[in-house]
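Below are structures written as structure tokens.
After this come two complexes, each holding chain A, first together with chain B and then together with chain C.
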Partner chain A sequence: MNQSLRNSSDWFAGFLKDTPSFLKHTLYDKWLVTGLYVVSIFSALAVSALLIWATDGSWRSVFSAMLDGSLSNPGRWGATIGESTPLLLVALGTIISVRAGLINIGQEGQLLIGAAVTTFIAVRIDHPGPLILTLALLGGLLAGALWAWIAAGLKYWRRVPEVLTTLLLVTVAAQLVGYSLKTTTLLLDRSPDHANRNQVSDKIPANIRIPRLTIFGNEFPLSALVAMALAVVLAIWLVRTATGFRLRMLGMNQKVAHRVGVSAVKYGMAAMAVSGGLAGLAGAMMITGGDFGSYTFTAGFSSFIGWEGLLVALVARNHPLAAIPMAFIFGSLRTGSGFLAATGVEREISNVVQALIVLALLLPPAVLYARERRKLLATVKART
Partner chain B sequence: MNWDFFEAIGDVASQSSVYEGGLRFAIVLAFVAAGEWIAEKAGTLNISVEGMLLGGAFAAAAGLHITGSVIMGILLGTASGLIIAWVQANMSHRLTADQFVVGLTLNILVLGVASFLNSSIRLDTTRAHVFEIPWLVDFPLVGRALFGQRWPFYLIYLVVPLCWLLLYRTRWGLEVRAAGENPHAADVSGIHVNRRRRQSIYVAGLTSGMGGAVLLLGQVGRFEDTIVNGQGFIAIAAVIFGGWTLRGAMFGCLLFGAVNSFRLTLPPLGYKINSELLSSMPYLVTILTVAIIATYARPPAALARPFIRDLE
Partner chain C sequence: MSSQVSSPPLDVEMAGITKTFGSVVACDDVSLTLRQGRIHGILGENGAGKSTLMKILSGLYLPDAGNITIAGSAQHIDSPNTARQLGIAMVHQHFSLVPALKVWENVLLGDTGPLREKLARKKITEVSQHYSLDINPDAKVETLPVGVRQRVEIIKCLVHDPRIVILDEPTSVLSPAESDSLFKVLRQVVSQGNHCVALVSHKLNEILTATDDITIMRQGKVVTQLATSRADAAMLAEAMVGRKVNLPLALPEDRIYHGTADAPNENAAKPPTPPAKSPILSIQAAKACDTNGAVLLDSLNFDIYPGEITAIAGVEGNGQSAIDQLLSSLLRLDSGKVEVDGKTVKTGKPGAFEQAGVAVVSEDRHDSGCVMDMSLAENLFLANPQEARRGGLLQPKVMSARAQQMIEDFSITASGPQALMWSLSGGNQQRVVLARSLTSQPKVLIASQPTRGLDVGAVEYFLDRLKIAAEAGLAVLFISHELEEILHVADRILVLYAGRIIGEMPGQDVDMRRLGLLMGGIDEVPHSGVTHGATSGAAAR
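Coming up: the complex of A and B.
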């Protein structure tokens, strides 16, 4: 198996073979596919506009405020990139678990645990420097992996569906983090001169922060580049290596994987741990990157990044490279919603827009599949 | 923590308010679990019940706010559950989108829409009035819990038996169970598998929407976007806990309800326990009990597997 994989000479063919079905359709039915996508995205936006109109808002000002907040105004690109970085990381984690046929939907909790452990290491170890930063990021990654691994363990030892455990563990994680934020030995701010030090951690020291870059007046943390590099690595790993191939086999057909000798327990557990680890890393990079909570850890720190990263993976149809632009789009919806206060429309509308877009993007592939199937059925019938 | 665990249980168990609170929580779960049980028997692990519960609660609040009648609130809540079920069913069992993906997206969408509308419109709502069944209510300890609740709670005595009758005493129910156990055999014998699955999701939508309405009108009284907070998922856990029998699922709901009221009544009785541990107790107990039970129960054979007919 190894050998045959290495022998396939055409580099691009590997990607193409693995393109999600909706991209394959574009190869011969470009107009239909584009049309379907345009129509469904347009209707998602139209439904959101209708909702705004129904609550006496002006949809024009909402959409233009969102555009101002995410892209048009100077320096906003940087903020958007900063917001999309953890989204991308969470999405990459989701992609790994989905490709292995597992449904990890507890990223919000894994992210919180990762961020908490990172904060603990960064704040409580008195030896500042890049070494501690690496250690803190690694700690966040491992903590997220461990949290997801609980669900994987319960799945393979006790046959509990991982959909359920990952979800229930989100609430447990939130409570655990809440507890550690009330305890001085864990995370609670120690400095007595703070007026309101309820459920707030110490600030992360200046030299344990991820350096920030400035390009054309747009400032964003270095972690954005790391996340994008990880996306590329993941895309190559999934289609060009034997382990990636086995992982996909496990996700596509468990029986075949079993016959070939791919251990569902081994690969499943690893996939789950990596998936949670990436969510934990997202949390770690959020706290040390500076775009969230200005370097202090609070109870509501995750601010739905875990859930939205999940949506990014869905919209990218589990393709790591497609997740990069999708994360950017979702990040811009987040930064855009920050500018909504002036329009008098509640900022929750951005969540509605996001979910509607995801729902709308689920439709075209399904419709295309149904159409394909009908065609095939017709040819089968004609033959008999 | 220097307190005697069993003494605490004894203290709590002798309070009639515990049974009241526990049953209130359990009944909302039971509405959801009854419908979810039917959907799972047909082969769908329907995770959008969380959204149906929240949608039902919001629609009930809106219905009560607009019309001023509790009955309209319940009807509207039930209807909104059905609408969410319609989207879920048709996207996962008519088109071929993944059922978990659709369910998850619907949960997020409903949460977004409900919290958006809730912060744009102020809803004036109250709870339905208490209806006491004469002299049964005086039964010691559990009388008030079973027969002295707000009246929407009594709908559960209708819904659960109906769900059981539907699944075990009708032809439709037989076909639904066949679709969940062996869809290909069912298909060959002339059952429209995906149609039965869609219909079973509609049933789940109806009961979960009603559950949401009961949650709002009978328990909380004011809509907030945090009132559901994972109860739909706990109801799914109750179905698994019950080994895919209705009896077991109802027992699971009662157990999780008991745990919840346990955590609510311990602090007033003077027990000092870590509040975070208490809040996460229902979830931890759910995970632990399901982990113990899940290996012994046999799920419907085609649970969470989409049915696509072969070409020939």
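Coming up: the complex of A and C.
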């Protein structure tokens, strides 16, 4: 026990898996955590301002441009929700794998494959309407799941660490997608005026698109509601069902799980399938939702959603419900950075701001985790 | 002593060594002298203080009191480095080799200064030729069988040309032939150089054959010191476990105290005629190896019957953990089988034994007993969460209510059902594990070292619970290194040695001399009726 606690990789795994127990802790702890969050976010913003100032920009105009782009200008909430939706789906997929004790970091690839398959079904099957949309979304989901299963299969068949395989499969996915975008029989646009031009797909037909809602002038695809509903379902499933309970047990102590009959292979394969499936679904909903690539599939289509979704899960401390607001924050950073051009500051600065905010959001739970761990070590020591 | 060379003989004198850990006195005023040119055997059960004493000599622990004198001059050994400078080297019980590195790289581990590959190879070759320890310096340690790995450990120790060599249970993973060749090397070391060797062991035979002097320790104290030539197995065994048993043996009155089950009747009937009842759990010709190829279980045979506590006695590392893991579905047998209630259970399959009705209170509760990051309530439902399901969803209220009941029934001290497992003390964690095991209404309860790390009160409580469970008709298997506990609760004692049962005896009026011999690996009557009977009984089925 002592040994495993001191092992640094275990520390990280523990940190990833750990439930935010500050929710269950004393008032003092809650104040401590709130205080820490305030201080660290403020510091992140201050450092960002400093960086902007150092690159001869005006932090005031940068911050107000980002706010305009994400929230304050009319209709921007809709855009932000549109960006947040796939982030949330990817994050949910990450959460389920982490809770099962697996680290799937290949969402970018699973998302690309999902989006590609969805596009293929949507543009190549000549049939109208909702049936094809459903089929296309299902296809994307399955494709993502199967892509993740390659890694899962290798893990349980040959003990190849899934961290490596999921990551490396991203590159393979990108190459595959790139190839299919150069091949007319696969995804490349067939219309003569587009032929041999940039690698783009046909446009998704209008009747195979996810309906868009407009609320108070903010327009976003229906998929946003689906994603949020999935977050709620996942949260309930994890805590309130026997299978969710077993999955969490597997993630926390594999030996105990084995003893009481939870098969690491079965649950692990299932978790990876769901994890990859959600990433695939994210891709499917991106292409049919309209916020990305205006209904055409391109090589850079994923625009790092698969990577940023990992960060959302990380700052949400692997809680499905917490992932909803966190996805929204990350979505606002994305839409906000779109308005930066007018300020004369490099767009990349928003990446720096984003990174700093991630650190700021991770710091308080990390501090708390370290504190709990110290307490635990002290009690373990006292017992031996 | 007779030598007239400039330096005095290299005797190591440890005088009045005392070391306490918390309230436990590991070494209590221990004195012994290792003499140059002689192998000194240190014999004792688990927890007798042998390892602690040797760790003090090698600088891993600082003694609370006492002096160490080497070759006539007082030494203060405050770190392993100091010990090394004084020429003290230790071969530990558990391998301290890095499997992914080559032999010569392992030998260099722990050295300071530049890596001198050539020098290392030369030294390894020298040492291996000198002591005929055949080794390939370029072999990766992970590719070597256990016996050869032990050889690497020895070479690693000898290349530094130590004057004082300490070996802590060096043969625990070796076959008899490998052990013999190790002792030949030791004999060579002491006879050729001006070395002295300390050999820590619990095996009577090797102490008798390999050493010149013997110190027997028990509960932190030296019981006897004598020359090996004047010793025999029986007297060593008696000294090792001998009069340790101050606790009154579990008498019939003690047993009746708890209630209904009529003890005298059972006692009279039990020991001679166990086959009359049919066994609830039966392990037959079980064989298993670990990943290094070391034998864990070697044709293990035994049966457990309802309504009695069967205890497995033996020195740690003789297969106890493997039995625990086997019955926790964590170990797959290479051959042999396990039957529960007449049905063969597939070994190593997730949950197989749990579903067959075998509940295990395991040796390492942190590792495989409970989930530390889950709450007390959740830990009670690990095996059967569906029991807390109402209307399709798990109900935290149902869980909490059951947990509250358990907290009262098993006197668990916790802040409440929602307390996270790691916030509980070891004794209370163990109570939670026991509560879960007993409420699952098992057919067999396995308690493997259940009292490890618990205080006296908790131990008593735990043993009481086991007795009550057995009296209620449950079959209990109690695995322990603590003889005292075994004598306190067991109806039947099996002695485990090197992965098999080498003897069996009733739990009452225990022949302590025979028990000690068996634990040391010597079966006085080589084919005693009981052992034989058990084997043939298993074969007949």
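What we mean here is this: the second predicted complex is superposed on the first by the 341 of 384 C-alpha atoms of A that agree within 3 Å, B and C clash if a C-alpha of one lies under 4 Å from a C-alpha of the other, contacts with A are read in each partner's own complex, and residues count from 1 in each chain.
Everything below uses one rule, namely that contacts are C-beta pairs under 8 Å (C-beta built on N, C-alpha and C of every residue); 3 or more make two chains touch, one makes a residue touch a chain.
Since this is a predicted model, take the numbers as computed values, not measurements.
After overlaying the two complexes on the shared chain, residue contacts for A:A299 are found with neither chain B nor chain C. Of the two partner chains placed by superposition, only chain C is touched by A:I236; chain B is not. Shared-chain residue A:K255: touches chain C; no touch with chain B. Looking at the superposition, the partner that touches the larger set of chain A residues, chain B or chain C, turns out to be B. Of the two partner chains placed around the shared chain by superposition, chain B is the only one that A:N351 touches, whereas chain C remains out of contact. When the two complexes are overlaid on their common chain A, residue A:L168 makes contact with chain B while staying clear of chain C.
Chain A uses residues 376 to touch chain B in one structure and chain C in the other. Interface of chain A with chain B (complex): residues 51, 55-57, 103, 105, 154, 158-161, 163-165, 167-169, 171-172, 175-176, 178-179, 182, 307, 310-311, 314, 345-346, 348-349, 351-352, 354-356, 358-359, 362-363, 365-367, 369-370, 373, 376-377, 380.
Chain C meets chain A in the complex at residues 328-330, 350-355, 360, 362, 364, 366-374, 378, 381-383, 385-386, 389, 392-394, 418, 420, 422-423, 425-426, 453. Contact residues on chain B toward chain A in their complex (touch as defined above): 45, 47, 87, 91, 95-97, 100-102, 104-106, 108-109, 111-113, 115-117, 119-121, 229-230, 233-234, 236-237, 240, 274, 276-277, 279-280, 283-284, 286-287, 290-292, 294-295, 304, 311-312. By the touch rule above, chain A contacts chain C in their complex via residues 1, 17-19, 21, 24, 236, 239-242, 245-246, 248-249, 252-253, 255-264, 376, 379, 383-384.
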